[in-house]
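Here chain A shows up in two complexes: once beside chain B, once beside chain C.
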Partner chain A sequence: MADLIKVTINGNVYETEKGARLIDVCREHGHAVPSFCYYSDLALQASCRMCLVRIEKMPKLQTSCTITCTDGMIVTTESEEIEKAQRAMVEFLLANHPLDCPVCDRGGECELQEMVFDWGGLEERFSERKNYAPEKFLSPMVANDPQRCILCKRCTRVCDEWMGEDAIEAGGRGAHTVIGTYDGWLNCSECGNCIEVCPTGTLLDATYRHQARPWELAQTITTCTFCSDGCQLSLGARVGEVMRAVARDRYVDGINGEFLCIKGRFAHPFINHEERIRTPLIRYKQGGRLVPATWDDAIGYTAARMRAIGEAHGADAFGIIGSPRLTNEANYALLKFAREVIGTENFTASDAFSLAPCFENLSAPLATHRDIRFAKTIILVGGEPEELQPLTGKQIRQAVRNGGARLVIFNSVPIRLKEQAAQFIHINPGTEDAVVLALAGANDDELAAGKLGVEAKTLADVRRALDETQGDCVLLFGSELSAAAMATLAQLPQLLGAREGRRFLLHPLPFYNNSVGAHDIGLMNAKLSVAQLLDQAGQGLRALYIAGSLLPEHLRGREETLRQLDLIVVQELFETETTALADVVFPAASFAETDGTFTNNAGQVQRVRQSIPPVHQARPDWMITAALASALNADFGFQLSASAVFREIAEHIAAYEGLRYPLLKDESRPVQAKHALAGARDMTGAIQEIRARIQSMNVTSARPTETPKVGHELFKPGTLTSKTPQFPLLYAGNPKPPTVLVSPLYQITVDANLRATTVAAGD
Partner chain B sequence: MSIISDVIESTKAIIKGMGVTFSYIPKEKWTVEYPDEPVTVQPRYRGQHLLHVDEHGREKCVACFLCAAACPSDCIYIIAADDPRSPEERIGVDERYAKVYNIDYGRCIFCGFCVEACPKDAITHGYNFELSVYNRADLLKTKDDLLITKQKQSPNYRVAFADEDVDSEYKEV
Partner chain C sequence: MSQQFLPDNPLPQEAKVPEEIARFSPAVEAEIDGHLAKYPPERRRSAMLPLMFIVQRERGWLDKPGVAYIANRLGVRITDVWETATFYSMIYTKPAGKYHVQICKTLSCKIMGAGNITEHCAQRLGIKPGETSADGKFTLSEVECLGSCGTAPMLQVGFDFHENLTTEKVDEILDACARGDYKFAVKVR
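Moving on to the complex of A and B:
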């Protein structure tokens, strides 16, 4: 416990921790101090001058956002003098601010509007002409109205400190200062965090531009469906249409604060997209067309076909494939369907790689994103979190920049995070396993260093850094590790031994929103992997029941064999390469239309809530599975309630024991699943395996020397993200349009090969 | 009682009643012969709403939703849309306009809050009062019914002049 000091605010004496910021202490104790530029997670600015307070023995009024409390400080936050100063400040801020609240998208949730309600005058005394600048676009995602800016510089600080991009900056001087970009066009990761923190309507979401007013939207707190970080966001919906996704403090307070990446913030239009599958579809004849059908027909048809196949070929003729994109409830229903209705162990999930070796040997807790932010040493083996897990990337960046953490990166690609790294170790492609071998002990340094293409001394340095760490040490690893290496890394905390003052934490970097959940439910540690299961097609396997779509790497080259199957049932949102093979397609509900839970890469089980009723005839995945089970005379007893499914999960899955929906209600206190910690295991076998694997490795030392382009993964138009028209534009290189006054969407067309062509505005 | 007194009493009552009737014959008539004659409405009369346009014919409404927010009976429904064209070509005066603007006259209570809330003077109450329809669904009026350039004005009303004493003819009664 830090030292306590006494501070007097408005005559009341409060005890507070030494080093606390005055504005926080005032607000904590209910003394409202207004401010625009203060943002607790960012560097100090003190440019809005709204948080003025009188401190005894200090000349003039002081900005409370820059003052650190000292013992015996006597502070006044409310007096005639202070109010006069604050009212004058608001008047100055409004001197150049246009009165266009009716057209402004921020109107109704604008901090300036709220401040003017409290501190503004009734009349405007400035009669001079206001600075005028036309509204324009900074990028396909960010719209900008420069005259609404009050120069709090939250956007520039966020861009620099959170994203490390410095894409947006203030230029000019005095009354002519404007927030702008280099070259007049925003070439960044388009996270939109500048939009989120803007207290006025200066920076606006271009995808939600002029769509609705905030008070018309029903905000629903839910979990993002894109990467494995599980950011909490709030979906704004109106009459069955999701209009926007925000993480603003006033709507949601999750693990990510106000942070979201481009996908979380802008990739929601797929939910109400016109290409969503509307009704169940049946392909009655091999090679025929998918014909719309009613739910009763589709379920009945599927059940009859399944029954026939079961009678002819037995239970093991079925394969059931869940998805790391679905809720835990949906995956659990599939598992239950496989075991209880079909009676087979042929189930798996269509994830890119399995985390089973990590969780089986887990010897340290999983690091939450907060742990990463305050870690002392961070080791990143492979992966590219700033593109694939943006929140983890941001936390690592802040841990280094604001927390002084030591970041060591092992990667074959010079990823962007290397700017923050104390040590970037450029290794040969495909040799990530050797890193684990080197971290586990010094015996194999010669071999590891040789294959990695680095000096043995470098590896010794990293081990010494691990030894000397005081505080948290987070080990992050990407998809590149082999199963044995993943197991060894998970055991590393045991291998290195416990020491006072040092805590090891693990943080896997899977690709999908519920990769960890799919593992926890038990789909990933099944007897067969997806590839093995699909390879049985045409031999033992006669029917497949797939939720979601198969990954391209699993599907490619297997289309012909899969076409020979008797029955393929697919639950999907859109028509994909997988539904092209299907005999029956069920329209599934997206994450915005269903209740459930996702488990993120920190093991936190977070709620997914229904924001809009399912579009068209879609149904939540677990309901489809339950309906199919009931057509096969098996009652799951879920009775249309996702919470009943989750209760059953909690009863059957040890890591989720005792969890219930009410316990997961508060998004600001996420609940971590209790993954069992394995004690020290004998890893010599695994290490031997890695050693053999490395020895036989034929290393080419052609390492990419160029840092990959921003957004090479983030902007990739996938099944869901391509439904936002801006994504193909960004992936085509985000070209600057002829005029920035009109959205680039109207000026540039992108063809199927993602080549951009400029067309005249207005065409 | 005899039959004679009955007749006398009845005759008295008829004379008294007809007296009232006949006394009105020479007085000025105030019955409005609607629909043969137009009804005189006050300038501040709250009839069917009008959506206004500016001098270039652009809709004044910027779809700020304040009318819908102020409406106590929740009868205004708006869908806003972005109009990226140049100011001269736009549908409305600003970049945002109301793609859909519906008022449900089955719910409207003609309180005038929407008019008070409008920051752009885009919506006012007009004078059309003949809102009866044969089908309840027809009570939902769209932009085609509400725009001042499109709304057909009834020939059955005249608006009183500002100094005209409209109320007094009723007060005498």
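Moving on to the complex of A and C:
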């Protein structure tokens, strides 16, 4: 605890930490101070001068956003003098602001509008002609109405400090300053955070522009369905249609603050997309078409076929595959179905890699995103969080830029985050395991350094940095590690030993929104990997029950053998390569249409809430499984309530013990699952295995020297993201159209090459 | 504002202009190196303005390849160059004429008749403030106070001050420019 000091605000004495920011202290104690440019955890701007206060012994009014409290400070936040100054500031802000709130997308939730209600004058004294500039597009995602800008520069600061992109800046000067870019076109990761933090209607969501007014929308707080960071967002829906996703703090206050990435913010149009599967579908004979059916028919048909296969070939003829994209409830229902209805252990989840080695050997808690922001040392082995887990990427960047953390990156690719790294260690492709070996001790430095293609001294330096860390040290790792290496890394905190003042935290970087949940539920530490399970097709395996779709790496090359199976049942949103093989397809509800939970890469169990009723005849995955079970004479007892499923999860899964939906209600206080910590394990075997692996390793491919383009992963049009028409445009290189006055989407109508094609499965 | 761009930590490729990058003669490169040498490497963005003047002297204005060159040499992003360039009236983000006539429009000059001077110039040159004549000779601008208020009204051609203006004086200057025998007193850096 830092030193406590006393400040007097409007006659009340408060104790506060030394170094606290005055504006925060005022607000904390209920003394409202208006502001525009102040934004916590961004560099100070002090340009709007709305936050003026009177501080005794200081000449003139002071901007409370730039003042740190000192002992004995006497502050007044409300007086005639202050109000006069603030009213004058609003008058200046409005000098060039158009009176077009009725046609402005931000109208109704605009900070400027609200401020004017409180501080604005009735009459406008500026009679000069206002600056005028037409509304235009800065990119397929960002529309821009320059005249509404009040130059608070929140947008330029988030672009620089959160995203490290510096894509948007303020050009010109004085009254003619405008927010923009060189050449008038935004080539960035299109996160849209500038839109979110803009207090006015200057930067606008181009995909939602002129679609709805904020007060028509029912906002529902939920968890993003894309990556494993689990950002909290609020879906705005109008009569069964999701119109937008925002993280604006008036609607939601989660681990991500107002941060979202392009997928979270813009990739929601798949929810109401016309290609959603509308009814259950049955393929009555091999090679035939999928024919629409009623739910009763489809469930009855599937149950009958399953019963017949079970009777003829036994329980182990079934394989059940869950998905790291589905809720814990859906995956749990599948597991229960496999064990209790079918009676088989043939289940798994279609994730790209298993976190089991990490969790089995976990010897330090998982780092939350807040922990990362305030960490002192961050070690990133493999992975590319800026593209695959953007919130983690942003937290790392801020930890370095705003918190002075020491970032060490081991990667074979010069990823963008390297710009922030104190040490970027460019290693040979495929040698990530050697990093773990080196971190675990000095014995193998020669070997490790040789394969990594770095100097042994570099490795010793990193170990020293780890040794000297005071405060939190976060270890992040991507998918590149082998099982033995992942296990050893999870044990590293034990291997390095405890020391006063240093705390180790682990942060895995799985790909999907519920990879960790799928693991926790138990689908991933099953005896079979997806590949092993599928390879049994044609031998023991006769039927598959798949929720979601298989990843291309699992599916490709196996289509023929899978076609030989007696029965494939798939639950999906869209027709995919997997449904092409299916005998029965059930239309599943998307994350926006269902209740449930996702567990993110920090182990936080967060709520998914129903924003709209399921589209067409879709049903939540766990309900479909329960219906199937009941057709097979097994009552799951879920009573059509997701919370009942979750209660059962909490009773059966140790890490979720005691959790209930009401405990997960507050998104601003996410609850971490209690993953059991393993004590010190003997890792000699694992280390031996890594050593052997490295010794036999042939480093042949060269290290890429070019930093991959921004968006090379983010923009990949997947099954879901390709339903946003702007994604293919970005994927095609985000060309600047000849005119920026109309939607850049018009290019798609002229150039068929820019139209949607799905290249990445899964997403 | 960005911080900490270290030379051994180059920016990602895509943040720079991937297209053409300006090239300069060894003499000019040496001049630029000279400016960069004045600052510690991690503060080399401080050389932004001198570099802009040089690029503009060599290429007439800050065209795309020129901007790309500056961004590369200084390890900043093109938006940073854009931000700085647009702040200054003497940095050209559009092609500018050989003679840049900048008339002060701030209070002292305004009171002393800067309005008439501007009107006169506009009429003679056939262009409005902010425009460049078709022959590429003249650019006319109205700028903020140039710090010569005691001798208002005033204008600047290139970096030369012309003070206590009358329309006759203005005509003399413009005539000299039009004939092509105007001598710049202050050389561009």
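Everything that follows uses one rule, which is that the second predicted complex is superposed on the first by the 746 of 763 C-alpha atoms of A that agree within 3 Å, B and C clash if a C-alpha of one lies under 4 Å from a C-alpha of the other, contacts with A are read in each partner's own complex, and residues count from 1 in each chain.
Throughout what follows, a residue touches a chain if its C-beta (ideal position, glycine included) is under 8 Å from a C-beta of that chain, and two chains touch if they have at least 3 such contacts.
In this text the structure is predicted, and so the values were computed from the model without any measurement.
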Chain B versus chain C on the shared chain A, clash or fit? fit
Once the structures are superposed on A, label A:642 by its partner contacts, choosing first (chain B), second (chain C), both or neither. neither
Is A:212 contacted by the first partner chain B, the second partner chain C, both or neither? first
Figure out whether A:160 sits in contact with chain B (first) or chain C (second), or with both, or with neither. second
Output check: A:746 vs chain B and chain C. Expected answer is one of first, second, both, neither. What do you get? first
May I ask you to decide whether A:342 touches chain B, chain C, both, or neither, giving the answer as first, second, both or neither? neither
Go through the superposed model and pick first if A:707 touches only chain B, second if only chain C, both, or neither. second
Should A:102 be classified as contacting the first partner (chain B), the second (chain C), both, or neither? first
Is A:135 touching anything from chain B or chain C once the two structures are fitted on A? First, second, both or neither. first
More chain A residues touched by chain B or by chain C? C
Least C-alpha distance (whole Å) that remains between chain C and chain B when both complexes are overlaid: 27
Contact residues of chain A, present in both the chain B and the chain C interface: none
Per the contact definition, I'd like the list of chain A residues that touch chain C in the complex. 43, 160, 165-174, 180-183, 187, 401, 414, 416, 418-419, 421, 424, 706-707, 709-710
Note: in the complex, chain A contacts chain B through residues 100-103, 107, 135, 209-213, 215-216, 742-743, 746, 762
Using the touch rule from the top, collect the residues of chain C that touch chain A in their complex. 1-4, 9, 11-15, 64, 67, 77-83, 85-87, 144
Give every residue of chain B touching chain A within the complex, in rising order. 62-66, 68-69, 80-86, 94-96, 119-120
